Each structure stands twice: as structure tokens, then as C-alpha cells.
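First subunit A sits with subunit B, and in the next complex the same chain sits with subunit C.
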Partner chain A sequence: MAVIENNVGAYPVSPHANRGGLKAGQNRIGLLLLLPAAVAFAAVILYPFLSALGLSLFEYTVEMMEPRFIGFENFYKIASDPDVWAAFWTTAIYVALTTTGTLAAGLGWALIMNQPFAGRAVLRSMSLLPWVLPSTVSAFIWGWIFNSRYGVLNAFLMELGLIDYPQAWLSTPEGAMLAVVLTKIWLSIPLFMSFFLAGLQNLDKEQIDAARVDGAGNWAVLRDHILPHLRPVLMIVVVLGVIGNLQQFDTIYALTGGGPVRATTVLSVEVYRRAFEQWDIGFASAVGVLWVAALLPPAFLYLRMLVKGN
Partner chain B sequence: MNTFTRLIGTAAVALALGSGAAKAADLSFMSFTYAEEANKAIVQGVLDNFQKAEKLTVEPLGFAWGDMQKNIFLRARSKTLPDIAQLSERWLPTFASLDNLVDLNTVYGKDKLEAAFAPDALAMGNINGKQLALPLLSGSIGMVANREVLTKAGINDAPKTVDDFKKALVAVRDKVPNSVPYSMATKNNGSILIDFMVWNWVHGGRIIDDAGKVVVDSRQSRDALGFMVGLLKDRLAAPEIDRPDSRRLLAQGASAFYLDAPQTRTFLRDFSGKGQAFDANVLPMPTPVLKAGDKPVSVQWGHLLVQFAAGGKAKADDPADKFLTYIISDKVQTDLPLKMSALPVTKSARAAVADDAYLKNWSAATGDARRNEVGIWSNAADLTNIIGEEVQGALLGQKSADDAIKSMQARLTTSMEKAKKSE
Partner chain C sequence: MFDLSSRQAKIVFFAALAVIGFFLFFPLYWLVISSLKANAELYRVVPTPFPTMPSLEHFIRALTAGKLPMYLMNSLITSTCSAALVTLLALYAGFSFAKYRYFGRQPVMLFMLSAQMFPFGLLLISIYPLMSEMNLLDTRPGLILSYIVFALPVSTYMLYSYFTQVPDELIDAARADGASDLRIFHTIVIPISIPPIVTVFLYSFMWSWNDLLYSMTLIVSDEKRTIGPGLLLTYLNEVNSDWGGAMAASLIASAPIVAAFMFLQRYFIQGVTAGAVK
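Coming up: the complex of A and B.
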């Protein structure tokens, strides 16, 4: 034994060898690999967020060359501003409708795409199309569908004799909300469908066959076998959907601009309007901070699920 | 480590080359006209000729009209402002407090500018005695009609009173299928403001008086908004119409009337696909008045050029100032405004184009234009949003005209508490 130790000790050691050993080397490489992402995160997300956090305590309008510290005054103003509260309420409606709608449509489409039929592969590929298209392009496509003068929807309904004159769908609060919700659902179905499809392909087919032999119908199979099996996927999808819909800006702004009046002004549009239409960066930052606060609970849930290995 | 050093070195070289490329032009010019398909070639021609004449290069930065203000605002905050920027006349008070905006009186001399420019045009760029902008184009926003559509509807003369106007609209609605008789702006707060302001003036109302007091809560303003709501209810106007939509509808023979600046002719030539052959259809007309004998109203309109320089200091031989000098020369002023169907801004150029039939007709039709009563305030953007939202709320039936006017009065009054006027 002593001989062996002596032999080991006699091996020449590289002058570049580090004292920490293999584990420490791996850690360093890990940190080095993390560095680009960390730098990008710090530059694109952390720094702007901290800047916005700081600016929320300042008055900073277009007329001011330098911001003026005002403490929590912006937040006091928000508390008494009905427009901001209306934006919170509109956001809640939008998130609830889009998340529920996408969940139902994504699951339904995944169930169809999970069935064996001719052309399934082509249809599955085509289902990803809304995901591939830039969201603003999708918003303009839907804008044309709902357009009061040239829209396909009006043409179709007039052809069927259901309406006499073209309707201005985007000019009613309900129509505009429906349009932005439908657009977002259409955009999100591919992602949700992919999650569900992956989950469905792990489902034990024999279990379903056995249930059917026992007399279970489609609804019973869905309720008692498929949905319980998809529960972990459902949880992740709901949380991701809520986060994504809370952050939504581009499709809404491109389709309705937050209007008519303020009917589709969600928090993201409210922040934009305060910053770039009313030129009040301090107030916009304060609304932005509250918007981030609204994002924290679902983000926390999501991270907790990831850590727990769900 | 050596690889890392090489990477850093390469990045530094790339950055240096990149910044070198960015500084390749002698000056930068941010313009919304340059972003307009119908006008881009006209502006590019001016830039090319300037380069030939002065051996100086210009980097054009085109942004859509609707995006210009926020781009200037963001560039001001990030200290990346261009040397020269084009503004609508109503935006100047909003940016007047930027400390690197050059007072052009200090560059050219007040007397020289007053000698060269038409007073009404020069006044658009003057704020509290400082010449913060030079005019590029001028004119007024008034009513324009499509002569061909009027003929189809059996209308021989442009309507003179509001009652005649409504009768003409009904005729167009009934005789020209799928038309929007009056392409009133019902979308985009900036566009809605102009239509409301004009009809409010027609009905004898004001939004904000000269002292800054909000006076919109009046019978006249209620009548004006009620009139606009009535047009939409009777399908004489339509929802979802912004100024660009109005131009396209008129160019395609699907609308009879709308409000625009004289440069509408250039847009209509382009959007109709007929070029100058479409000019015969473009009929500038006085905005209908409430009762015969009233004076037709129109809104002062113009494009301005502002200069940004460190500390607001510049000299006449700086590249940016040579560019301004070139733009206001007779060579450009007797050409560019005409191509864009607008009035030149210098006295000599106006004299040279005095015989242009279209501009003469336009001026005769719109008469003395009034200054935009919202655009002169430092909080114009906020005022515009409030007015746009309240008017749109009434037009779309979300609230009554009375409630919209009351709410407008209250919101505008709050907004005006910190406002500064530009005179």
C-alpha cells in the first residue's frame, strides 16, 4: 500500500492543476457556461427591472430633464386612479378567458391529434403554424377577419343572411375583447397541444382498453383516466398560460391598441400608454412594478413545481 | 485565457468598426415623411441633391408618423437624438423643454429668419420667444371632397351649411353602395381630436380658452358631439376609421368627404393608383358652417424641423445647419412642398408658387386657419388622449354625448393644472 502511495506521489503534477480537484473544475466550467445567460439576463431583464423599480419612486415626465424623487407618491396616485384599477380588472378577464379557452381548445385538439387517422402527421405539422407566425402578423390577420368593411366574418355572416349591414366588431367592448381573446387562443393552441400530446403518448393504452371493456364511455374515459394522467401537465400548462397571458402585449396592441376607449387596456398596454402616450415614466414604472407583483404568484408556483420535479 | 483575450479583442474591433459605420454619415435626419411610401422618393431626392451640393452625407431615419414622438422621447432619454428631426407642429410644445433643442435664432439671427420666412409659418416653430423649429411645409387642415363621388350621388355643388352637408351625406349613402359618406376619424385619438375640434368650432364651441381654462362643457360642444354621434348612428360615418383609412376610402371612390391637410392630393394620387390623373377628383372645399354667413373654419397645419445639439449650441457652418439652410433654400422650397402638395414656408418661395392652382384653391377654400387649441400646450399628448377617449366613448354608444362632455371637462381640467402654454 505504501509502495503504491509512493508511486502516486512520484507522478509529475501539471503546473496548471488546480487545488480544488475535479468537482471544483466542474463547478467552474458550470459557472462559465452560465455566464452568457447570466450576463444577458442581467442586461436585458435585471437592469431594466431595477431601473423601473427605482423610477417608480420618481416623477419623470417629458418636461423634466432629470427625475425628481417623490417616494411612494406614484403608488398613492395609482390607488386613486380608476383607469389603473380598470386595467387590472380587464387583465383578470383577459387572462381567465384566454387561459381557460386555450386549455379547452388545446386539450381537445391534442385528443383529436392523438387518434390514428390518415393525414394525421400533416395535420399535426400544420397545427404548429400559428406558433411559427410572428404574433403581430397573426394579430393583423385577425384584424382583417374582424374588419368592419372588408372582414371575412362580416362577409360570411351577410352571406348567411344573419346580418344586414357589416358590424364593427372591434368597436364594441365585447367584440374587441372577444377578438383579442380568440387571437391569443389561436396563437397558444400549438404550445398547449404539444404539452398535452406528449402527456397523452405516455398514457397506458391497455388501461383505456380495459376501461372500455368495463363499459366506460368517452366522457368516463376522459374524466377517470385521461385527465388524472394529465394532471401534472395540466398544472404546468395552466401556470405557464397564466404567466404568458399576464405578459401579453403585442397582439392586443396591434389588434385594438387597447381600445375601443379602454376596453382591452390590460396592464401591459396601460404601462405603454402611460410611458409613451402620456410621457410619464415614473407613473408607468409604478404600474409596471404592480404588474410584476401580479406575475409573482404564478411564477412562484411554476418554480416550485420545477424544483419539486413535477 | 488566450482564447478569451482573443474573443474580447475581436469584440472590441467589431464594436469599433460598428461605431465607425454608425458615424459614417455627417448628420442624421429623422423623418416621418421619409417613412411614407408616397413621399419617400421625394425626400430621398432632396438628400441626394444636398449631398451633391455640400459634399455632406445624411443618414435618413424613417419612422411612421404615429411612432415619431415616442422615438424622439426614447432617444432623448438615451442621449441618442438625431441631428435634425421632423415634427408635426402640434408636437413642438411637448418637446420644448429638452435642453439640447437648439434655439435657431442664435444660429441664424432672428432678423434674418423673419426676413426669410412667412410670419404664419415661422410662428409655428416659435415658443416663448425662442425659435425652436424652422417650418418645412405649411397649410391648413380643411375639408376635401371626391368630385366623382359627389357626381354619382347627384350633388353638383359642395355643401355650404351643416344641413346641406347632412343632405349630401344621405345622398351619397343612398346612391353610392358600400360607401362611407364622410370618413370621420373614429379611431386613433390624434385623428379624432382634429375632427372634434373642427366640428366644435363649427358649432361655436371651444375646448380650452386662451388663458388655459377648460371650457368644453358648453351647449355648443354638446351640440358638436351630438352631431358627430348622429352621423355614426345614421351610417353617414363609420367606426374604425383613422386618417390613413379616410385617404384610402376617398382615393378608391368609397367616400365623399374627409378632413385633411393639402398634402392629401399626393396621398390620393398614390392610393388611387391613377397618379396625377386623379387630381381632377380632388375638391378642396370650405368646411360647412352652422348657418349661412358664418366663417368656415380650418386648423393651422405644418411640418417643422428641429435641431438637437449638445447643450443646445450650434453654428451655421455645422453640417446639420448647412442641411437646414439647404432645406429652406428656394431650390428646395419651390419644389419639395409642391411635390407634397403643401405651401412653401419662405416668402420668396411662396411668391414663386403663387400661381399654383391647387394651392390657391386650397387657401381660398380653407381661409384663415386657427391655431390648434390643444397642440399649443405642453401636455398636448395627455389632452389628446382624454379628448379622443371621451369622443370615441360617445361615438360608440358607451356613454351619452352629455356624459362624455362632462367627463372631458373634468379630466381636462385636472390635466391642465400643470400645463405650460407655448406662445
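Coming up: the complex of A and C.
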């Protein structure tokens, strides 16, 4: 649908590529129309980004009036700081669990919602709700479910006989991680589902009918037709999911504050704490630079997919 | 897609439906149910599956006793302004990318889009001193400007994808009649683009409405605080946790965005998944 045309060369690739006016005067208007967005972009996105990259080379704490250039010293400090390494490790676990979890549940739910049955339309609309709720609200909901004294999770598990006494989920490293991961999976399922449903729309039904005539069962149809068809969407969803999960802050901060101790301190929480609780701006920026480095591979993949137009 | 005529297929299908459906909907159900329970029923080790004596006390208290109405009003102001600002900027930029061919167009667009990948938390480190220098710290305009970060890149791309589908003939014909490009855009293109414009507005509104990080950092005074940090500070702080109040306030704070979304979800889904799926 939306393909970024490749027409940088002198000879347009597609007969449509150069339509829409090429006259110099018109292009000046085009630039003029872009100007306001470009200025806003430069001021609140590009400049802060470059400035943060630059600050990683400075010592800049709350006591200092002016930042002082110290080269790569912040990075040397990071190299010997076990807390930062732990944050990287925690982030890796968080991203892996949330991405795979959402992928499985989102794909499953999209396949279910693609099947005609009574009440599907209502269910489909309602399943988008977690996505639009404010992050604080999502954190409240899951914090209440996981509550150690009155939480429904404890009551439920005790009813089933899986635990003998209430667990203080959010006070244990594993329990807190489980809570933040489930929260993120829950609120990402709608987006993943939407992508998959959009991909399923143009699935060739005749091909599947033909396969059925040849005796293919449900699993064979899923394995040989539906999943291969969804492959490009799957790639996009995984890449976007990784990018989003790497950046997640709000629900984690509201639910656990990065704790207990540092069990759910992912990079976003680490950078926030260093910058806005300890006011060690230089160090926080340096951690942020490594954070960006972690985002580069999925970002590159995403852009490549966009340029290719799938 | 699946053939559910066999009993086994039916069982697998509806079991999966039940498991994922329960995971998706039970938390929402629990939010609503808990908000309707009076404290005596709410704080029980074995919770009741639905309120035996439904009570609106938490809602009444949230709307009358606390600062929730003020936070809601603040969120409404900042989110509306920032959504309007983002939509306006994205509108012209998207049209420019879609219908003009100037040097550097594609790289600039890709670069803007890739900015989605700059971590918001990292940008905040430099936005904070920037706002401080311009005396915009702890002000609504400062927060509104900062919210551009969230939605401008994707909004621009969403509108760009839409505008590429507007036939060039339409624009060329108007040009032949002597209309200026700006006039063509305002009187011909914008009127046929209302659904995507509304989508983009809602998309950026949602980002601002749901934000916690930026508001929590850039706003200090209580009277300008938005719902994200407002809810957090009011209902779950070191001194007390008022879960019933938190649930009721959550529902109130979610209502506007959910209502808007329900009306416009079809456009919304199309817009957000545009570009990713052929």
C-alpha cells in the first residue's frame, strides 16, 4: 500500500514515480510545506538527540554549573559498573519475554478473530482496549491483580491448590519481572493482532480451498499457507515489538519502580534514575548512547523493510 | 480459515479462545468490578467474583473529594493542544513528501521516521535543560511542545501514505484552472482527507493522554499535573494505597480515550498498520 518510491536516480523506475509536478516553483512550495514540521523536528527531536549523544562525553552533575569535557570516561565507568550491566541483562530478559509472549498470543488471537463466529465483531473491538488505556491505568490494574494481600491472582492460585499461602509477588525479583512482562504483553496484544489481521485479509482463500480438497488439515493449512503468507508481517511485528519493548518505561516505573531493589530496572528506568534522581546527566547520557546502540539493529531492519516496501 | 467441523478442531479452537480471551478481558472485568466494590468488600483475602452490594462511593469520592477533575482538565488541555499541533505539522509535511519531488526528499523522510527509534527517555535528558533555558519548565506550553516527540514521525508517515493515494489528476486539474498549491491543498485535498486527519489527531492525542514519563519530569506543580502522574501520586503513594479509588479514577481517566477510540477504531487501525502491510 504505502511504498516509498525509489526514484532518486535520473531515470524514474516506475512510470508514476515522477508525477505530481517537477517544476522548480512547485518544489519550492513543497519545501515550504515541510518547513514547520522540519523546524519542530529539529528543535525537539534532533537537537535533543544529538545533544544527549554529546553529553555522554561530559561530566555533568547537579553540583556543576557547566558540563566538563572528560572524553570517554563515562564509558570507562560504565564498563566497571555492575549495575549498568545488570540493567542490560534485565532489559534483554524483558524484551525477549515480552516480544515472544506477545507474538504467540497476538498471532493466536488474530487467527481466532479471523474465524467467523457469532459475537466476533464485538470481541474484536473490545480486544483493542488494553492498547488505548493510559499506562498508569494498566499498571494499576496489574498491580491490583498481583497485590500480595488482596490480589485476585493469589486467591485464584490458592483456590486451584497451586500455592498454599499468598505470595508477595511484587517483592520478589521473579514475581516482579513476571508482573511487568505480563502487563506489557497484555497491552501489546491488540497492536500485534491488528497487524496480523491486516496481513490475513489478503490471504488467498482459493489456494487454501484447493489445499483442503487435496486433503490438507488445519495444521497443514496453518503451516504451509497461513504462516508463510504472514512472514513479512511477522518480521515487521517482531522488529516493532523489539523496538517498543526496548523503550518501555511507564508501566514498569508505575508498577515496580524498577524494583524490588533493581530486579526490574531496565535501561529506560536506569537512564531515568541516573538523570532525574541522581542528576548525573553525563553518565545517564552515556548509558543512553549504549541504549541507542542496542536499538540500532532492529531500527535498521525496520527502515530497510520500509524502503523495500516489504 | 480453519475448518471447525470436527470435534477436535472445535475443542482446540475454543480452548485457545478461552485462554487468550481470559487473559485479555479478565483484567478489564476486574477493573470494573473492583471499582464498584465498597472497601469492606474490596479488601478481602478471598475476593467476591462480582460486587454483592454495588457501590459508587469510589466514583463519587474521585470526582468530588480529590484533584482528579483538575488532572483531567490539565490532560485535556495539553493533549488537545499537542494533538492539534502535531496534526497540523504532519499534515503539511505529509503532503509535501507525497506530492513534491525535491532534492533530499526521501532521505529526510526516512530520517524523520527513524526518529521513532530515538528513546524518549534519552531525548528527555536534553529536553529538560532546553525547556529550562527557555523558561518552559513546569509550563503547559513546554509539555505540549515536548509531546511532539511522541507522535510527529508516525503521524507524518500516516498522512504521507494517505496522500500518495490522492490522484495527481485531481491536483493537476485544479492547477490548470489556476488555483495555487496551498489553495488546492486547503479546499480540495483536506476535505477529502478527514478520516486520516482524525486518525492522526486521535493517535497523537492518545500518546499525550497516556504519557507518564514526560509529564512526571517536566511538570512540578500540582495544579498543572496531568492524569498519568496525578493518578500515581494520588492513589498509590508511600502513605496509603487506595485501590478502590485507583480503580474508579482509572475508569474515569480512560473513558474519554476509549469513547473516541470506539467511534473511530476502523480508521485508526488502518492508519497505524498502513505502510507495514501490503
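Methods note: the second predicted complex is superposed on the first by the 281 of 310 C-alpha atoms of A that agree within 3 Å, B and C clash if a C-alpha of one lies under 4 Å from a C-alpha of the other, contacts with A are read in each partner's own complex, and residues count from 1 in each chain.
As a working rule, a contact is a pair of C-beta atoms (placed from the backbone, for glycine too) under 8 Å apart; a residue touches a chain by one contact, two chains touch by 3 or more.
Quick caveat: nothing in here was measured; it's all calculated off a predicted structure.
Of the two partner chains, subunit C is the only one that A:38 touches; subunit B does not reach it.
When the shared chain is aligned, subunit B and subunit C each come close enough to touch A:276.
When the two complexes are overlaid on their common chain A, residue A:168 makes contact with subunit B while staying clear of subunit C.
Looking at the shared chain after the overlay, A:62 reaches subunit B, while subunit C stays out of its contact range.
Contact with subunit B, but none with subunit C, is seen for A:259 once the two complexes are overlaid on the shared chain.
Once the two complexes are laid over each other on the shared chain, residue contacts for A:147 go to subunit B and to subunit C alike.
Between subunit B and subunit C, more residues of subunit A are touched by C. Applying the stated contact rule after C-alpha superposition, one finds that A:295 touches subunit C and leaves subunit B untouched. Within subunit A, the residues touched by subunit B in the first complex and by subunit C in the second are 147, 149, 276, 281.
Put simply, subunit A touches subunit C in their complex at residues 1-2, 4-8, 18-22, 26-27, 29-31, 33-34, 36-38, 40-41, 43-49, 51-52, 55, 105, 108-109, 111-112, 114-115, 123, 125-130, 132-137, 139-145, 147, 149-150, 152, 154-155, 166, 186, 189, 191, 194-195, 198-200, 202-203, 208, 212, 217-218, 221-222, 226, 232-233, 236, 240, 243, 246-247, 249-250, 253-254, 267-268, 271-272, 275-276, 281, 284-285, 288, 291-292, 295-296, 298-299, 302-303, 306-307, 309-310. The residues of subunit B lying in touch with subunit A in their complex are 69-70, 73, 77, 94-95, 97-99, 178, 180, 186-189, 235, 238-240, 378, 381-382, 385, 389, 392-393, 396, 398, 420. Those residues of subunit A that touch subunit B in the shared complex are 62-65, 147-149, 165, 168, 170-173, 257, 259-262, 273, 276-279, 281. Residue ranges of subunit C in contact with subunit A, taken from their complex: 1-4, 9, 13, 16-17, 20-21, 23-25, 27-28, 30-31, 34, 42-47, 85, 88-90, 92-93, 95-102, 105-106, 108-110, 112-130, 145-146, 148-149, 152-153, 156-157, 160-161, 164, 168, 171-172, 175, 181-182, 185, 206, 209-213, 217, 227-229, 231-232, 235-236, 243, 246-247, 250, 253-254, 257-258, 261-262, 265, 269, 272-278.
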